[in-house]
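A, B, C, D and E are the chain letters, set down in written order, and residue numbers restart from 1 in every chain.
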Amino acid sequence: QDAIKIGGIAPLSPPGGVQTGESLRDGMIVAVEELNANGGILGQPVELIVEDTSGVPEKGVAAFERLATAENVVGVTGSAHSAVCSAVGPVAQETNTVFVAGECWSDSVTAAQIPEVFRITVANSLVYSVAADWVKEAGFENIAIISENSDWGFGIIDVFTENLKDTGATVTSFTAERTVSDFTPQLLQLKRADPQPDLIVAGFTGSNLLLMLRQAYDLGLAPSPETAIFAAGADVLEPEFWDVMGDAGKYVIGNPAGLPGKPDTPLSRSFGEAYQQKFDRPANAVAMEGYDGVMVLAEAIEAAGTTDSDAVEEALRNLSWDGTRGTIFFPQTKEPAWAFQQWPEVPIFVIQYSEANQTPSEAEILWPKSQATTDEIVLKP
Amino acid sequence: MSLVAILEQALNGLIVSSFYALAALGLAIIFGVLRVVNFAHGELYMLGGYAYFLAVASMGLPPVVGIVVAAAALAAMGALVEWLLIRPVYDGRADRPEEYSIMITFALSILLLNLANSLFGPWPRRPEPLFRGGVEIGELIVSGDRLAAAGVAVVLIAVLLAALRYTWAGRAVRAVSQNREAAAIFGISVTRVGMLAFATGAALAGLAGALMGPVFNVVPPMGVIPVIKAYVIVVLGGLGSIPGAIMGAIILGQVESFATILIPDPSRALAYKDAYGLVLLVGILLLRPQGLFGTKERRA
Amino acid sequence: MMHEQLDISGLVKRFGGLTALNSVDMTVGSGELLGLIGPNGSGKTTLLNIVSGYYKADGGSINFERRPVLGHAPHQLARQGIGRSFQVTKIFRRLTVLQNMLVAGLSDGAQSQSEATDRAMGLLRDLKLERLAHERASSLSGGQGKLLEFARIMMLSPKIVLLDEPFGGVHPELKRFMHDHIRKWNDSGVTIILISHDMGSIFDLCQRVVTLSYGDIICDGTPEETRNDPAVLDAYLGDHHGAA
Amino acid sequence: MKLQTLRLLGLGLILLVFLALPLLLGDYWVYTITIGFYYAILAASWALLVGYIGRISFAQAAMAGLGGYASALSVQHAGLPPVLGLAAGVLVAGALGFVIGRLTLRLHGAYLGLTTIAFAEILRITATAEYQLTEGSRGLQVEPLLQDGSRSEYYYLFLAVTVACLALMTWLLRSRVGLFFQSIREDEDGAASLGVNVTLWKTVAFAISTAFAGLAGGLYAHFVQLITPSMMSLQEMGIVLAMAVIGGFHNVVFAALGGVSLQVLLEGLRELGEWRLVVFGLITLLILRLMPNGVFGTVADVLTDRLRKSGDDK
Amino acid sequence: MAQLEVRNLHAGYSRDIDILRGLDVTARESMLTTIIGANGVGKSTLLKTIIGQLRPHTGTIRFGERDMRDVNTRDLVNLGIAYVPQKHAIFPEMTVQENVEMATWAFRHEKPRARSAVERVFERAPYLREFRSKRAGLMSGGQQRLMQLELALMSDPELLLIDEPTVGLDPKRAGQIYDHLRRLVTEERRTILMVDQNVIAGTDVADYIYVLELGANKLEGTKKKFDEEYRDAISEWLF
């Protein structure tokens, strides 16, 4: 019996964000095992083929090519780098293979409005406008953003600047190569700045994000009573964060696009358990996206009753599936551009660790207000 | 900018310089003896970081011991690499020794980097440093791990300089680098010195990695950037010249520290951070092709 | 008909505190065969290095066929007709012996590849290197390397040749060949400056001998005059008059 | 003479195989080999520089990137047709190669290697930092070279260009220029004393080599239709180096064959997942250590040797 | 009885090609033995094989009791052998002083011996004193060669192997060197084996002479025999 092939793409080697890539892939693996345990799709077993993108657009394109033309997968999910997601869009269109983008936040991924491209994670505009609301509410006035000079990094700066324009807050931004590992000169400069910033946004990923957080802490800059620090990269959600940061991780603020156990549905709970059991680590938003990505494809194939690409694509457009993070569907609105086939209800949280070694689920939720676990808008050391 | 701010940047520059110098020392020694630029130096540095991490975090040894372990492990590794790969450079087996040495070490670096990716995984590790906490010097705050690393680096550099100048082993190392045949005729074992030099160079890379690991995290690509800085430094100073390497490190540390904050467009200033040293290097080489401290050769 | 081909005046070269050439004046006529001798370290090679463009001078001027030499690159001077050999040979070790010859033969673009090859093989035959034509130059013995370098300059068809110790390590039999070639060359109008410590060769070949000592010319005369000059005897020949 | 004909026969055979491949392989492999041609030109251009004139450069991948960007941007902003864009890429890369060659004239060996690393990294960092122009690490969308070109159309185009490039390089290296290059590699002062214009040829060699790299980069960009700074990284350079070394960097054709075959091998090893690059590194290391003339170089040497011997027997 | 005996030696640079084809050479104790022969006959190859840079294919090399076939170059000094190769073997980037000190490497731990060896060099070769703190590689060709000869003598070798002692030396110094070598043999009873293209002077100082041809012996004999019997053979080369 032929297997139905589903493709995954994720950065599994440097210079990509390998940590994120692995979580994404592991989420997919859990999904495929679950599908096969329940008899597969359309009665056929499911095979997952994950290709490495290294986080590099050309390699992503090559990987997608291979999946679409050599492996003949029905659809592809994953990615973890906006640049890769954007780059594979045209290939998806050309090869008529649907792509469910996960963990890539740049607006441009969906703004290209390619019919084959769907997104189950947030768009920068979606997430940082929420974060910006929190910033407004918290009343920060001097905000410094240090971000990598990638699509995602520039997006953070743009959305913050845009959304805080009318609040009178000043936003200063620095961008740097993904490989810069010593931020001390800038951080010293911020520390000596008058006034000292009250919020630093760290728009990096991987080891370098942790280094920046660490250096800010060691210099006594942030987190401190004067200055809060907001880590935009998904790496703060992984348990290894604590191995590296120790106490310095306390009071770091993160913004996951989903928290395990929220909403508290049976699916989200069972996924969390399966993941924990298989990989011996708690699931996080990225793993949930990996899982949801495969499941969305499986649902669409099931709904279409065939693996024919056009039918699957159509089924995705009409899909409404209760995933680990809520009901996933893909609106066809083209205004604003990035909203096309973008799941609009991605849960977005602003969380802050109040103790060392917390999981994201244990951290205090600061925002949205409706879900907040603390009255403070930001905790100070 | 206030005086304190300037001092703070200068101090940070100095600390960073000592890191760079440490990373560059082994490179300079290996080049000095074997006339080989070890393009795998960054990966040896990375392995030093992992050796330290394994010793301190996994085996629970105290940090000081961890550093010794890292140095010893890398010395052994260096000796092995020299024996297996580098020896053809000077025993006459390689037809084009210079190109061979560059390419073989480059290939080694590709192998080690990918091997580490596969073996250790992508997660950064942060082993316990030699010292924790911050040190306040007046208004200036320096974190303990950095200061410790810088201090050890300075001591090491001094010891090494003295050793090269005043010990017979150091002289043998210099002699072999200049004329292998003559060295052998006078009774020096060229192979032993070659191995000694490579092992020492690797041990220094390992030490640097062990000291730097707690500061910059232990992660497979951790050596890539420092080693490029190390290249810049040794070339700035004149390949093979240890005092040159130190001057180079000091210059680079200050340039990076101040250029990053003095260039008016803050975004560009940081984006080009890793390019300052390279631009400096290109500039200096154009004026003095033999580096700051290198010497000219007699031509005919 | 002789005219002044190489005109060196007031040439100074210093290395740090050491004055290697101390205001040297010397003219060489076209078609001369001039010996340049002097104790070790007297500045012979340095002079040659400056004339052939390898070192800069610290003062003075040099004209070759009334055109200034200083400031020109070695290859330009080579093409203007200044050929030289090196005291420590500079052969192309990983090229074959024949290829070594062809580099010289083809560099001015005047000869075709086959013409140059024919000429090269002829020269190699004369110097007993024909057998080795297709071997790599790295497998030549010390003396054979010297011979190859000598043969290479001949390929260049220079107007003036500066030979730095060309007989070092060459067997007497081949040295005789070289003598013959040098004479033939000279007869065909090529100017030759010969640096050698081989007094037999110098006195045999040269009509005029210039003696340098510590960067100064201490004697400029016929072989006979030089041989009997007390200063030369004292500084250079010692009591082993022309022992070699 | 017999050797010469056999050599030509061998090359003809290889060419035939390449001509036939698209008829036998699926789209994906055709795509892969097409990219292999990019690496072939790049590896050959590097071998031209390192193998013949002895100047080590680590900027070759960066130069390909530069050619790619120059071509893509000139098509985008000046509205040139892609073919003219390619020409612009060749010119820009060649010109910068000329400048670098000129600036680094007095450097050799390790100094030169390290300085070219500096140039390469400056280029890469600039391409990343000048986001407004290059789209940074997100990547620049590039016009396709052929409107609606099929996979095999691209394949044959790349094959033709590769063969043309190799023919050009071989012709150059067979001429007296090749001899001058090698004499400079062996001893610059010695070469100058024989009238070889060392300055000129060293610079020209750099310019020619980078111009070929620029061409390769331009072709690649217009084929993949996307270009990012990672194409200019040292890691990428490492791969190019390995290709040339494994093929045999003493000969541009061998280096080029190394380029194609390694690209195919790298794709073939995908099964190994993350260990793929480890295996790759190991192969490079072993070949360098045990077969310094590269695989194709060694095979050719052995065959030539056999032929000579059997010729002698008669 | 420390004499150097080479018997039926076959050696070369690659395994399948013999450059030396059955050579027999003896450097008798307290004698100066000179080897002459055309370029490329294998004189340097012989010395390189004796000192262990090349491995003999077959044949024996003995120095006194010691089988030299597997000798390592670095052990020469300890065996009482010094070697001066045809091309310069000095440390160009070190000062002259450092070069001189390096030559005491093998007996560096015998401080008085090392010190007096260094002092003797500067006494014997006063010209080196001027260059003491100058880099050796910057000296002229002849100066470098002279220094190298001095370095070789520092270890008081029993056996001295010299490839072309006087190439590049001015006549005055060359004469002094030949005198010195002669004195080493007659007064200090040392053994010298040298290769020389300077046929007249080289045979003039010799006690015993070998003439090689294509890697094999052609003629040999004492100086006296040469003066009497083989004059013609030699003058054939010379004139």
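Criterion: a contact is a pair of C-beta atoms (placed from the backbone, for glycine too) under 8 Å apart; a residue touches a chain by one contact, two chains touch by 3 or more.
Per UniProt, the chains are B = Amino acid/amide ABC transporter membrane protein 1, HAAT family; C = Amino acid/amide ABC transporter ATP-binding protein 1, HAAT family; D = Amino acid/amide ABC transporter membrane protein 2, HAAT family; E = Amino acid/amide ABC transporter ATP-binding protein 2, HAAT family.
Small disclaimer: the values here were computed from a predicted structure and weren't measured.
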Just to be sure I understand the contacts, which chains border both chain E and chain A?
B
Return the chain whose centre of C-alpha atoms lies at maximal distance from the corresponding centre of chain E.
A
Based on the averaged CA atom positions, which chain is farthest from chain B?
C
Dist(centroid_CA(chain A), centroid_CA(chain D)) in Å evaluates to 38
Could you tell me the distance, in whole angstrom, between the mean C-alpha positions of chain C and chain D?
43
How many Å are there between the centre of chain C and the centre of chain E, using C-alpha atoms for each centre?
28
Could you give the separation in Å between the centres of chain A and chain C, each centre being the mean of its C-alpha atoms?
75
I need the residues of chain D touching at least two other chains; which ones are they?
125, 128-129, 189, 235, 274, 277
Set of chain E residues in contact with two or more other chains
138
Multi-chain contacts in chain A, i.e. residues touching at least two other chains, fall at 13, 15, 149, 175, 177
If we count contacts the way the header does, which residues on chain E are in touch with chain B in the complex?
51, 53, 72-78, 82-83, 85, 89-94, 98, 101-103, 105-106, 108, 135, 137-138, 151-152
Which of the residues in chain D end up touching chain B in this complex?
50, 54, 56, 103-104, 106-107, 109-111, 113-115, 117-119, 121-122, 125-126, 128-129, 189, 234-235, 238-239, 241-242, 245, 249, 274-275, 277-278, 280-282, 284-285, 288-289, 292
Touching residues on chain D, where the partner in the complex is chain A:
26-29, 31, 35, 125, 128-129, 131, 136-139, 141, 224-228, 230-231, 233, 235, 267, 270, 273-274, 277
Per the touch rule above, chain C residues touching chain D in the complex are 52-54, 73-76, 78-79, 83-86, 90-95, 99-100, 102-104, 106-109, 113, 152-153, 155-156
Note which residues of chain A are touching chain B in the complex, please.
13-15, 18-19, 21-22, 146, 149, 172-177, 179-182, 184-186, 188-189, 192, 206-207, 210-211, 214, 218-220, 238, 240, 243-246
